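Heads up, the next two complexes both have chain A, just with different partners, chain B and then chain C.
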Partner chain A sequence: MGSKVLRAFITLAFVVMFNFFLFRMLPGDPIGLYARGRNQDPEQLVELRRALNKPLLEQFITYLRNPFDSTIDSTRFSRPVWEMIGERVWPTLLLLGTAILLASLIGIWIGIRAGWKPGGRFDRMSTGTTLILYSMPEFWLGMMLLIVFSVGAFGIPGMFPVGGISSPGVDTSGPMGWLNVLWHLVLPCTTLVLIYLADYALVMRASLIDERKQEYLTLARAKGLRDTMVRKRHAVPNALLPTVTLIFLSLGFVVTGAITVETVFSWPGLGLLTYEALRGPDIPLLQAIFLMFSIAVIVANLIAELLYVVFDPRVRS
Partner chain B sequence: MTGVVILAIFIATAILAPILIPDAALDVTKADGGRFEGPSFSYPLGTDESGRSILLLLAWGTRISLTVGIAATIISMVLGTAFGIAAGHFRGAGSHALVGVTDWFLVIPFLPLAIVLATVLGPSTTNLIIVIGITSWAGTARLIRAQTLSIEGRPYLERSKALGAGNWYQMSRHVLPNVFPLVLANTTLTVAIVILSETTLSFLGLGDPQAPSWGALLDRAFSSGAVSRGAWWYVLPPGICVVLVVLAFTLVGRAMERIVDPRRAS
Partner chain C sequence: MTLLQFRDLSVDYTSNDGMVPAVRGVTLGVEAGETLGIAGESGCGKTTLASTVLRLLPDTAQVRGEVLLDDVDILTMKWGRLRAVRWSQAAIVFQGALHALNPVQRIGDQIAEPIRLHQSVAEKQINSRVDELLTQVGLPASRAKSYPHQLSGGQRQRVMIAMALACKPALIIADEPTTALDVMVQAQVLDLLTGLVRDLGTGPAGGMGMILISHDLGVLGTTCDRIAVMYAGQVIESGPALEIFDNPKHPYTRALAAAFPRIGDPAARYAPTGLPGDPPFPGDLPTGCAFHPRCPIAVPACKLSAPALVEVAPSRMAACFEVES
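What follows is the complex of A and B.
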């Protein structure tokens, strides 16, 4: 277990180094990057230039001392970068958490039904649908859902809000406010759930198909166990393991979906912040967000690896 | 089979586009349709915010999306295969380093990394191809490495080493021809992923702003408020094209996988 944590740490170390050195390795004027298309106070520019003239290693050590330095300001919003990130974390967690939970439940259910009777009608229908969902750009699905269900098209009236996390003037701390947030949550969450469940369903199906070939299931049937019980008590719990691991490992993919979907629905989370940072480009903000996402994914991968050892005694050496 | 037919249609469109469509179709100053007009006889897919025909833009977009897709895939496959074979063939510190690099690229989430790279390099089609190539090779590398390891265990490779074959000879003359079918199948699947990546990056504004790739069309649709106007003819077609092409490549790729390695058939 120690070696896994060590590897995660090394990966993180490389992320920090990459983050720092990439923007300084460029030819041309780094001040230009920072101040692109913006009127910068000339004194600030002189300060920045003096700081950047220090030897690279000294700058790196300063950075390392506190990568979460609260004095690093976003160049676009003139506020501390990590403060902005802190504000936007909860909406993203709400959106992604709900989406992953629903997508797991539905995806696994579909995968089980399809995988238990491969080649059957349900399998063919669901595999076709999931393949199509898998080929879809998630933001396009979001835009289409917006047009149909929010603006109203093809005869369907618009019933959902066009974006944001709550309607203006609504107090989100009370139960009525929560309902309002929930109403806003429906469309972006649906978009993400549809995209994520495709992946989970395909993996669960493949995993169950592999599991069905195992000999211990033949024994269970020979004992007289009903098909449903064979499935529920034996096959599924074992086939579930790779799927659950994959759900953790696919956090990278989840993050990608979050960025574009939050943009389409103006959901005020980290994804939308990334899009806004892109517009500048706001380099300090982008660096911080990259670091944030990488940490989240590295930690999730670590948890997946550790959980796998816990649940599958066969891999313990 | 369906996949191949779909691909044929799109590739034909991409090749014929410059012949059939006048350059004026892309020019904003020469646009003569109304803004955000719905589908009509003269504009089968309606018009965009500047009055250009969406159908023609879409056809041009085919060229760009497919070109970027194939170019980035070539970079990704070359890198991935090279890393994969090398990582599987060599032992010791070199192999550990190669595997480490591969794992790093696998762990880091794709979009944030691509955004950082694209921002630093600047918005252009070439940079987009480079960025996607750099961020996509790791999956192939891992697959090829596993395959290389299994090939290296075979007796004829041992015999070849005993006869004095050098590293380069072994890798290029023995390993490479044997992994090649897998590489081919994986390439097709990679194109699918790459096209989705290109669409996403263009949507975020990281590609050439002039080029009407499908992702860029969606970006323009979004930024110009097509959604709030309910202009579904602007949003639906580019997306459907992406879905069709990606689906086609995925189907063909999976069929090839089944031929190459029946055990992996899903």
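What follows is the complex of A and C.
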């Protein structure tokens, strides 16, 4: 267990260092971006350039001293980057948390039903559907849902807002405000749920099909258990092990997937912030966001590994 | 009283190459309190035959004939009735306990599962029953909290035996219960199993019956009352265990007996004789007697028609033209 935490820290240290050089290699002129639309006299710009032209090693050491420096400003928004990230984290957590929860519950349910009777009617229908969903780009599905359910098409009236997290002027602190947020949440959340449930359903199906061949299920049947009890008590708990781990491993990639969906629906989360930062490119902001995402992936991996230890007695000893 | 009766039982598996016969017209009985040994090479249909008793065969298997347990045909039973019969009247000791036990459940829970299912016992008594069963098979009661991977192969097989005894069934089917174990542990586990079946099974309906499946004729000869030898899905010889072991009639049984050198017999030890050739593929059986291509005493008639299983001596049956004449 300790070695797993240690490994996570080593990965983190590597990411922190790599993160620095990655953004030094990006094309684009930070000074030009900073000066855009601002009244700066040339001397100030020269001064800035000198400050930013310090030797790479010196910059690196300054960065390493505090990678999470709260005084670093975004070049585009002139606000501390970590303050901006702090604001944008909550909408993303709301969107992704709801989507992953629903996707894993529905996906696992579909996977169990399909995997217990592979080749059956439900299996053929669900596997076909999930494979189609699995191969769709998130942003494309998002746009289609947007066209149909928010603009209105094929005689379906536009029922949902085109974007944002709440209607202008709505106070989101009261119950009516929450309902308004929920109304805005429907389409982006549905997009993510549809894409991710396919992944979880296919994994759960495959691992249940693997378990079905195991001899301990024959023993469970020989004991006189009903088919549903054999499934619930013996097959599913074993098949869930790889699936739960995979769900946590996928969390890291889900964060990046949110970039396109948040952009399509103008959802004011980290994904949209990434898109805005990329358009600059706003290097201090990008650097902080990448650090943030990397930490999310490392933590998700660590949780997955630790959960496996909790669930599987064979790994424990 | 006849506890279990196979009547003209046949099992075919549907495969891509058509129907593959695994068991061909087997008629056999097990009396209450009796241990019947079934011997034969891998693929001869022993396990398929045993699996019909609890109807555990996959959907690809087609079963014909009758399997009477206490005079009721298992094969035509309704599912609900069958579930009630499973484990409470006949239980199985599986071959590889490592794969037969659920890897993520404590063994105490796995032993308690059939008790909870088939008997209305208070939760507190279930725990003491599990402890009692574990003690009977020579494991400390504290082992109930262990997971299968924490036990040795022999201990796991003891757990399987405790589990099979949990509901005091009338019949125990032990399918190569010691094959996966090393020789010393094999003997211990086998002694334990036969001893427990002998001691525990003294109910009003008579003793506990057992079917012991093995490819080792020596093991069967010393632990069983009767032996049936199978070849290519058929019983080719049956009779009292020691008689079969000491004086096999069918050429296949003779080869099987010679394949395992007897302890204390230097002649057999220095010249263990194997049987040339492989058992036939069930989907492509030879004409006539299925054994004739490997048989040292085959005559031309063996290619043309299969000999029937007939009485060749008091209580001895064999299916061979040469033994009959």
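By definition in this document, the second predicted complex is superposed on the first by the 279 of 317 C-alpha atoms of A that agree within 3 Å, B and C clash if a C-alpha of one lies under 4 Å from a C-alpha of the other, contacts with A are read in each partner's own complex, and residues count from 1 in each chain.
The criterion applied here is as follows: contacts are C-beta pairs under 8 Å (C-beta built on N, C-alpha and C of every residue); 3 or more make two chains touch, one makes a residue touch a chain.
Keep in mind that this is a model prediction, so the values were computed, not measured.
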Which superposed partner A:T11 touches (first chain B, second chain C, both, neither): first
Superposed model, chain A: greater residue contact from chain B or chain C: B
Which of chain B and chain C A:L22 touches, first, second, both or neither: first
Contacts of A:V264 with chain B and chain C, given as first, second, both or neither: first
Partner chain(s) touched by A:L278 [first = chain B, second = chain C, both, neither]: first
Partner chain in contact with A:D312 - chain B first, chain C second, else both or neither: second
Touched partner set for A:T218, first chain B, second chain C, both or neither: second
Touched partner set for A:G152, first chain B, second chain C, both or neither: first
Shared chain A surface residues [contacts with chain B and with chain C]: none
Residue ranges of chain C touching chain A (in the complex, touch as defined): 54, 56, 83-88, 91-92, 94, 96, 99-105, 113-114, 117-118, 147, 149-150
Parts of chain A lying in touch with chain B, wherever the complex brings them together: 7, 10-11, 14-15, 19, 22-23, 26, 131-132, 134-137, 139-141, 143-144, 146-148, 151-154, 162, 202, 206, 209, 251-253, 255-256, 259-260, 263-264, 274-275, 278-279, 281, 283, 286-287, 289-290, 293-294, 297-298, 301
Complex contact set, residues of chain A against chain C: 214-216, 218-226, 233-234, 237-238, 241, 311-314, 317
Chain B residues touching chain A - in the complex, by the definition given at the top: 100, 103-104, 107-113, 115-117, 119-120, 192, 196, 199-200, 203-206, 215, 218, 221-222, 227-232, 235-236, 238-239, 242-243, 246-247, 250-251, 266
